[in-house]
Structure formats: C-alpha cells, structure tokens
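Dropping the structure in here first, questions after.
Note that the chains are named A, B and C in the order they appear, and that numbering of residues resets to 1 at the start of each chain.
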Amino acid sequence: MRWVGRPLPRYEDPVLLQGRGRYAADLAQGARILRFVRSPVARGRILAVNAPPEVPIVTVAVLGDVKPICPRLDRPDYVAVAQPILARDRVTYVGEPIAAVIADTAAEAEDLAEQVTVEIEAETPVVTLDQALAPGAPLVHDMAAENTLIDARFETSDVAAAFSAAHQVVEFTFTSGRQAAAPLEARGAVAAFDPATGRVTLSASTQMPHLLRTGIADALGIPESELRVIAPEVGGGFGQKMALIPEYVVAVWAARHFACTVAWIEDRLENLTASFHARDQRLHLRGAFDADGRLLAIDTDVLCNVGAYSNFPATCGVEPLMALADMPGPYQVPEYGARARGVASNTCPMAPYRGVSRPVITAAMERLMDCAAARLGLDALEIRRRNVITEFPHTSVTGVVHDPGSYREAMEAAARVVDFAQFRARQQKARADGRWLGLGMSVFAERTGPGTPTFAARRMVITPGFERVELVMDPSGFLEARIGSSPHGQGLKTTLAQLIADEIGVAPDEIRVIAGDTDRCPYGWGTFASRSLVIAGGACKLAAATLRERLQAVASQILEAAASDIEISDGRAFVRGTDLGVEMRQLARAAYHQSHRFPAIAETGLSAVGTYDPYGTFSNACHVAIVAVDIATGQVEIERFVVVEDAGRLINPMIVEGQIHGGVAQGIANALYEKVVYDDGGNISTGSLADYLVPTMAEIPKLEIHHLETLTEASVTGAKGVGEGGTIGAPAAVLNAVSDALAPFGVGIFEMPITPQRILQLLREAGCETQ
Amino acid sequence: MKPVSFRYFAPRTVDDALDLLATHGEEGKILAGGQSLVPAMNFRLARPTSLIDINRIDALDYVREGGGELRIGALARHARFEAPVTGGALSALLPQVARHIGHLPIRSRGTFCGSIAHADPASEWCLLAATLDAELVVVSRRGQRSLRPNEYFITALTTTLEPDELLTEIRLPLLDDNWRTGFSEFSRRAGDFALAMGAAFLRFEDGRIVEARIGVGGATDRPSRIAAAETVLTGTDGGPGVRHAAGNIAAETIDPLEDIHSSAPYRRDLVRAMVGRALDQALTR
Amino acid sequence: MSERQNVTFTVNGEKRVIRVEPRRSLADALREDCGLTGTHLGCEHGVCGACTVLLDDQPVRSCLMFAVQAEGTRVRTVEGLADGDKLHPLQQAFWDHHGLQCGFCTPGFLMLAVSILELDPDIAEPELREALSSNLCRCTGYQNILKSVLAAAAEMRK
C-alpha cells in the first residue's frame, strides 16, 4: 500500500469538525484576563499614565528588568531599533501597548482599561512613505537617518550599458496597498504558572513555538527551560503569528509575577489595527528590452513602509531584501540594478504575510512583460517564451540557484487549458457590445523550503532553516514523530504521516505526529516560507529511512535472515519471497523487552533522528484570469481562474489543492479588495471586517487547478513547497486581466488593490465617457 | 470587545415597553434585531445603560394588509420578506430587496422597523419607506403620532423619534399591477452596506408613465426621492433615452456622502448606474 | 456590573440553567458558562459568522445576541451535530472533501449549512453560494466548503 500521492482525508479533522479543537481562547477558562491600554495617538511623548487606586496597572516601570525586542541583521546597511515591551517615554504608533490591566473576565478587563488615562503630548506623525522620506521629516527613531532602517543595493557591472543599448525601455511605478493577514483566529495566549515547578506553560497562537520560547526567555532574562511553549490548535497565521510580540512577554511575566494563569485574547479591532501589517510598498521598475523582446536588464527602486518597529525574527528587512534578491523571478535577466529600502513610519509594524514581497514583485514583473509585449507587438505568451528560464540549474544574477522546474511548460499548459484564441474572438465581439472582457496571466517561481544557507545569505543573526525530526516506535509498534515545524491548518500531521508510512512500510494511522510543544519537540523554526513539507518532510524521510534500517536489523535477528532480505510492508516485516514474517507489534515488543538480543540497535533502540537543511527548491505555476469589467461602476468580476502548478511530488494532492485555493483567494483579495487605510493622523479607518474587505464566497470564483510534476534532487522527498504560490501569482494575473480589459481605453493598472472607484477615475483621466 | 454593563428589561406588552421608555429612554435603547445595535455596543461606540428588549412582545410580530396599506409590525424580521407577503407590485419587489439585506443570519434577527428606527443611510427599507412615502406609526405614553419620511429622517442615524417613543408600525401603500418596479444596489462584497441604491416605481396607463417615484439611498445621508428625475419620466413611455436622463439627473442632484469606500464623484457615478438599472428593470421585466 | 440573572434554555437537547450578566453574549455563555467552546469568536461585530448557531431553528450570529435573550429557546451548536460516534453528513462531507484547514471557521459554517439545508434541502448551487457567502474563511478559498455542502446535500436527500 502506497500512501504518498493519495488524497487521504486528514487525521486532524474529526476533532475540529466536532468543535473539540482547543484554540488559545478555549484554554482561557478560569484564567485572569489581561487587557492592554494602547496608544490613541500615532506619535508623541508620554507624560503620565494614571489609574484610580483600585485599578492596579502594569507599566514598563512595573515590569522591571525586561529587555526590548531588538532583532538584528549582520549587515551595515541595517539599523537595529529596539521595541520596548511596554512604551516608556514615547509612543510610535496607534495601538502601541502602554500599560496592562488584569481582571477576572474580559468584560471587566475592558472596563478597567477604560479607567486608565494616558497623557500624551501628541506630535505630527509620519504615516506614508513620502512623509517618512521627506527632507527634514521627523524621525521615528533617532538612530535611523531618513527613517530608513535598511538600505540594500545590488548592481551588476553593465546595467547602464544595457539600458543604453535597449530597443525599448518600459518603466512605471507600481504601488501595493497595505495588507492585514486577518486570520480568522486573532492572536492570543494563556500563560499558566505551575507552583510545583515554578515553570510557566504558554499556550500561544503562534507559528514558531521554539523561537517564541527563546525570544520570551531572552526578554525576561530567564533560562529557556523555565518556559514551555505550546502551540495548540492555531486558527490560521499566514505569517502574522511568526513573530515575538510584547503581549506574549507580558503574559508570561504576569503569570510569574502573580503566580497564576493569565490569558490575553486579542480582539478583532486589535488584530486589524495593532498586530502586524504587510506589503505597504512602492517600487519603480525599468526593463530594457531588445528588438526581439528579450530582457537585457532590469532596474528597480523598492520602498517598503515597514511601520514603527522591526519584527523578530524575520526583521523589517524581510520584504525589501526578498524584493532585491528575487525581482528577476522566473526570467533570464543578464544585468540587474536594484535598491531596496525599509522605511519606518508611525504605523503598525510589518511582519511577513504569505508570499511576503513576491506578490508585489511578481505583479510588477508581469505588468512589465505585458507592457513590453504591447509595445513590441508581441503577444503575452510569446514575450514570456523568449524570457523565461528553461535550462536548469539556473543561477540568477543575484546568485539564487533555481533547481529544475517547468516555468515554460506550465505556461504552455495553461494556454492549452484556456483557449487564448477563442477568448480573443469572444473579447472582440463583447467589445462591440460594450462589454469589457480581459485575460491576464502570470508566470512565477516560488522559493520554498529555504534552509539555513538561504537565510544566512540575508545575514540574519538568527538563521532559521534546518528541521530535525525524532522518530520513535513504542512497544506497541506505534510510531511517534516529533517535529520542530508547527502547523496552523496545513494538514502537516497527515502528510508527514503519509511520508513516514511509505518510507517504513506501515499505515499512516499508526503514526502520531507531535508538533508545537517545546517540551516534547526538537528545536525547530516553525511553519513559514512554504517550508514544512520540504524541510520537515525531508527530515521525516531521512529519519524514517534510518529507523527502517534499525527495524530491519531487529527483524533479521528475529527471522534469522540477512537484513538486506527483510522487507517491511503493511505493518509487517518479512523475508522477501517467503511467508516468514513478524508483525510490527511483536517486533517492537521484542526490541524493548528483549533488548539483549539486538546489539545492533543498542545505542538508539527503535528510534532515529533525521535532520534536513536544504538550500531550498523552486516550485512554479502559471495563473490565468479572465475578467469582465463593468465600466459604469468599475466592478470587476472574475469569470474564470486557472492555475497550472508544479510542486514536484504531491504527497497529498487534496491538501496541495487546498493550499492553492486559499492562496489564490488571498491573492484575489489583494488584487481587488483588501487595503488597510490610515488617515493623516495615523489612525486606521479600516478597523473592522466591514471595512477591511476580506472576500466572501461570492467574490471568489471557481478555481481550476492543473498539475505538472518536476522531480528534483533539491528536495529529498521530491516535494516542493506550495503554501504561498496562490498569493504570489494571483494578483498579477488579475491585474493583467483588468489591464487587458481596459486596454482599448488606454488604461493600464499599476497598483493593487485596484478598486472600482479607481477604475472609473483612471478611465476618466484617459478621457473616456463611462456612461 | 465586550459592551459596557446595562440594565436589561424584557417587557411583554407595548404598554410596559412605553413605561420603560418613559423612564429609561434618554440613556437607554430599544433592542429588536440587534444586528446594528449590538456591534456598536461591542465596539463600545454605543453605551446604553438600559436595554429594553421588545422581542417578547408578540403583539408586534405581524405583517398584514388593511386600508389599502401593508402594515408591518415592529417585530417583523427581514427574513419574513424573502417570500411574498402581499400581492401586486410589491409581491416580487420586497423579496428582491430583502435578499440584499446583509446575510441570511442577519435577516433571521433584524427587523424592518428596526432598520427604519436606526436610519443607516445604507438601509434598503429606509429607501423604500422614503420612496413610497410610508407612514410611520410612533407611540409613547404621551400618545400616538404618524410621521412621513420627510418629517422623520434628519441625517445619518438621526431621526425625529423622541427618546420615549417606539416605532410600532410602518405602513406601505399597496401597489396594483399597473405599477412596474425596479431596485438596484451596489456594494463591494455580497451583503455589504450599499454604497448606492436606486428604487424605481412607475405607474403606467396606456403605455405611458402617469406617476413616477424614484428614490436614491446609500449615497446620501438619508434616502430621498428625486423629484426632477420623476418629472422627466412622467408622461413618457420610459424609453432608454429618458431613463438615461433620469439617472444623470439623480447623480447630479444628490449631495453625496464621502468615506473610505467612496469619494463624492464616485458615488454620483454609482447613483447614475443604480437608478438607470432600477429603471431598466422596471421597463424590461 | 449589573445583577446576574438566571437563563434557562435548551442546548443540543439538554436543559441548561446559567447565571449571567445581561451583557454576556450568547456566544460567551455557550463557550464559558456551558463549556461548549466549539462556537468561536472571530470578530464580535457580526461579519465573520464563526459564532453561528441555530436558535429555534434559525441561524443567528451568537456574538450579536445576549444570553438573556435566549431564555426559553432551543439552541443547537456544533457539539450537537454528531450522533454519538456517527458524524453528521455535513461533518462527514467536510472531512471527505477537505472542507477545512485550520478549522476555526468550521463550526460556524457547519451550523450555517445545517440551517440552509433545513430551509431548502434542494437548494441550487447559485443560491447555495449566496447563502454560504454569509461566513468568512481565510484558509480554504471556499472551493471545498461549497463542494462539501453540495455533497452533503445530495447525501441527505437520499
């Protein structure tokens, strides 16, 4: 029985379907409730924090010797800034925590928090990129000149020459509106103090339990062994829960200080305004093309509004540095010049959000391709044919190595699925009837499963990457795999069980995957960067291969045959070509209780450790969107959306498709709906889900997914990561489609989200009568 | 996001409710559907110290015809209107409009009269009430009075309802089959607050429009009829040219709202489109 | 703080008596006073629908009702869907068709779907899409939620 490749229903599901999953808020029964008093202004000097005598408050003074959050990059173009756990002298964004109160219920805690008054001498904030970079602008942090926290550059030797020699230069400014990850479960944690041991167990909605333990222990100045961090059921993360946050530090501090159980459960207003944002970017892009439409060079200047602080551990450099390294994308770019900056402002800090910078740079490059194609009289497919990487391995101009992929094949397959010629005929006819249809595509490569080599290249001081898996068979023959990765909805426990099952020869329901508990699991990095199946999966496979050898050694002893003649299948070890065998259960019992018979496994018993730390592997896809634009209202309807993707070997195709569905939905949201809006005072106008437009089922069309499979040695399981692809490619396809629909009016789209109002404005500016 | 504390009352008769309103009406609120009030309370933007829950007053739960009118009691929920509640031109129109109100679970609880009492600019029923010149029956311990929409709507979320008054009934005129109707709404997502709505009621005689009621909502601080659009339609056959003109007039006449979802010029564009589409429906279906 | 008052109601067929402040939401009462944490809070302002339960057979957003309003009513939550070990057809369909990922929105969608199919067991796909647009999901992109409900509806019509 082979398990890899089967759409196995998930082991995670029955508990969740019956409402028995325990998320952070479900663990807060009986806990004292922590509520934060947050800054009402974006910038200013704190003069006083007052509370009635019967309302005890926790301020930074009360916290005592608690260290700020100060992530570092080992590079001179980065300025490290320190984020206090509670604001001391100044506030730097609306929502910044200043103090905390504790009560028996959430309602009472809100009542108490309202009684705390903060006197702040407000100052004019810098909110936008332009305000932050304006000459003489007030500094968010004194040590960061021009409010620039990171200023990275890259240039090959002949960029200027390439532009001079170009037949066509296409250039534009592309803007990405600020996004909020908005997982359905906001953040939250329960910190339980155990008087018997003095330890605190923090059950936290997080994607990175081990790093959280390290970060909180550092902040509080305690040994890591004093703290246990557990990620219970986590209701989505998308990167927003990939960070150390002051609220969790205070929760642990309070549990220790008051020797009780303390819970902080974030509400939606806090989550939309004061958690983490992402993708507030503006970039200028120039592409130099020869007469045949081949890229000679690209040049880009990327600005990222990273908010008031730098998130730990990714840092505020994550968006600009990714843009810098990966702008060329799936294309052959011989010469490249780039500058990428992270600019501070008096707004909510940024953290990586599914896709990070890739949705933006992909949208920009795909718009570049379509614009160049129009300029040169080529069609969208042809210009990409002439530029896409087809030979592997390919080392990009920035030194990124692309392992084998199907960048061109995916595109050709998409063109077959969506009959482009037929669409063009339909589009022509529709135009004659005053209906505006458009087709847009995007081709992209997604860097997945990056190990320490990749993060080290970014000069992170904390270099994530490896995953270690401890695999143990207990005396009943049941397997337990303890992993350092930490799922938040991806079905990792099912897919890893499928991998291990195949590798050893047992059924997946005889395998339990343990994740998210720092007391039980080996140190790992969590779930982000589309890494878990690649890296944790690779480690599982390696550990399982080793364990299988140990099982074969035991079986060979029991069955008196050579280990090389032992096969394991369907939970039974047997001598190949015979009926002679032993059930796993008996084998395991013997190994534990008659260990003297098995000197070969004396050191390890029935256990194995696997460690995997790959360079990473590129998955790829082509997205095609067909839209209809109503030029009376600006409304965009997506008629059809097709994905042809290549994620190598699909361990569980159903789960892979689920990841693509979710990613594409967020990508469509990014393209058409979602934007965090700040006013000039640094206050958020989109503080509810009525105003921050997370799409419903009505806004997301049926998605058609097709698969290619390119196997590569870059991933020991053959699987490539797939978690972020949907978000990366979808906005570009939608923006290109809307641009195609409006091409007859001379309107092209260089921003996201592109709203109905903006479409009408662009049409008007182009001199068009819309009604 | 938990509300501030309040005293809770659940009267079983209108008289009991009125007594409570007389005492607590200033700092208290009526709780009917709660689909608008409770979110505001959870954000602590609304902070009533008393809630008078009228959901137990069975006598207010009715929709009935009488005296040429459709009489809608204070507890009639939006969901009730998803199927026809009357004949004539309102038979198909009310369900068409009801489908746009929020989502299914909101319609389970929210009430027609509650929507009028709340007076959100994006309220579909407020638009219908204004366009059809509905009669609003308002009672207090001081007595009963009737209001017409132009005496009732002041601005967004603000009406002439006194703190001790309860809106107990709305009366819509019954419309016979000589009336043709249309309704169109624009929102960003399914179920969202309307950024603009158009409602068209056209009475025909011998193929010509003898009476026109054109209403715009969602785009202004309160719903209103567009008299100039009605004039341009009256006496015509309602062809595309005059429909287009009516849409333009509506767009130019209104004083549009501005917010993060829509600028003033964009709201005008939407009004033009929604009025146009409402008229198209009235003429072509 | 206001005086607590008794609320007597039926939850998943079982009579419950709880003592709560008037401002206690039905969602919080189910979660904390009844210990049924399957109903989740995603926004507390009536947009996401994660808190959806059935009250006297109607789908309602339990974050927008106060527990005191539930006096004398019959409430159904996700915990009452399965029949012992046997999953409700909707639960089974969501499992078979990967209709959930993180699971946080799932109880709300299940209860919404129960009410939709009770109101109209033969509901056509376009109307079903519209009805299911009541709730938000951030993980699945909605594809498999629709697929699951359609599959369950077909199964339940047998």
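Assume contacts are C-beta pairs under 8 Å (C-beta built on N, C-alpha and C of every residue); 3 or more make two chains touch, one makes a residue touch a chain.
All values derive from a computational prediction rather than experimental measurement.
**Student:** Where centres are the averaged C-alpha coordinates, which chain has the largest centre distance to chain A?
**Tutor:** Of all chains, B has its centre farthest from that of chain A.
**Student:** Where the centre of all protein Cα atoms falls, which chain's Cα centre is nearest to that point?
**Tutor:** A
**Student:** Give the chain pair, either A-B or B-C, that is connected by more C-beta contacts.
**Tutor:** Answer by contact count: B-C.
**Student:** If you average the Cα atoms of chain B and of chain C to get two centres, how far apart are those centres in Å?
**Tutor:** 29
**Student:** Nearest whole angstrom, what separates the Cα centre of chain A from the Cα centre of chain B?
**Tutor:** Each chain reduced to its C-alpha mean, chain A and chain B end up 44 Å apart.
**Student:** Give the residues of chain C touching no fewer than two other chains, as numbers and ranges.
**Tutor:** Within chain C, the residues that touch at least two other chains are 1, 21, 23, 28, 44-45, 130, 133-134.
**Student:** Tell me, which residues of chain B touch at least two other chains?
**Tutor:** Residues 1-5, 43, 189-191 of chain B each touch two or more of the other chains.
**Student:** In chain A, which residues are in touch with two or more of the other chains?
**Tutor:** 106-107, 267-268, 688, 690, 696-699 - these are the residues of chain A that touch more than one other chain.
**Student:** Where on chain B does chain A make contact in their complex?
**Tutor:** Going by the criterion above, the answer is residues 1-5, 43-44, 186, 188-193, 247, 260-263, 266, 269-270, 272-273, 276.
**Student:** Could you pull out which chain A residues touch chain C in their complex?
**Tutor:** Contacts found on chain A: 7, 9-10, 12-14, 16-23, 25-26, 29, 106-108, 182-186, 233-236, 238, 267-268, 488-491, 654-655, 657-658, 660-666, 688-690, 694, 696-700, 702-703, 726.
**Student:** Give every residue of chain C touching chain B within the complex, in rising order.
**Tutor:** Residues in contact with chain B: 1-2, 5, 21-23, 25, 28, 44-46, 49, 52, 55, 58-61, 63-66, 68-69, 71, 112, 115-116, 130-131, 133-134.
**Student:** Touching chain C in the complex: which residues of chain B?
**Tutor:** 1-8, 10, 31, 34-35, 38-39, 42-43, 51, 53, 55, 79, 99, 103-106, 108-109, 189-191
**Student:** Sort out for me which residues of chain A touch chain B in the complex.
**Tutor:** Residues 106-107, 110-111, 114, 267-269, 632-635, 673, 677, 685-686, 688, 690-691, 693, 695-699, 756-757, 760-761, 770-771 of chain A touch chain B in their complex.
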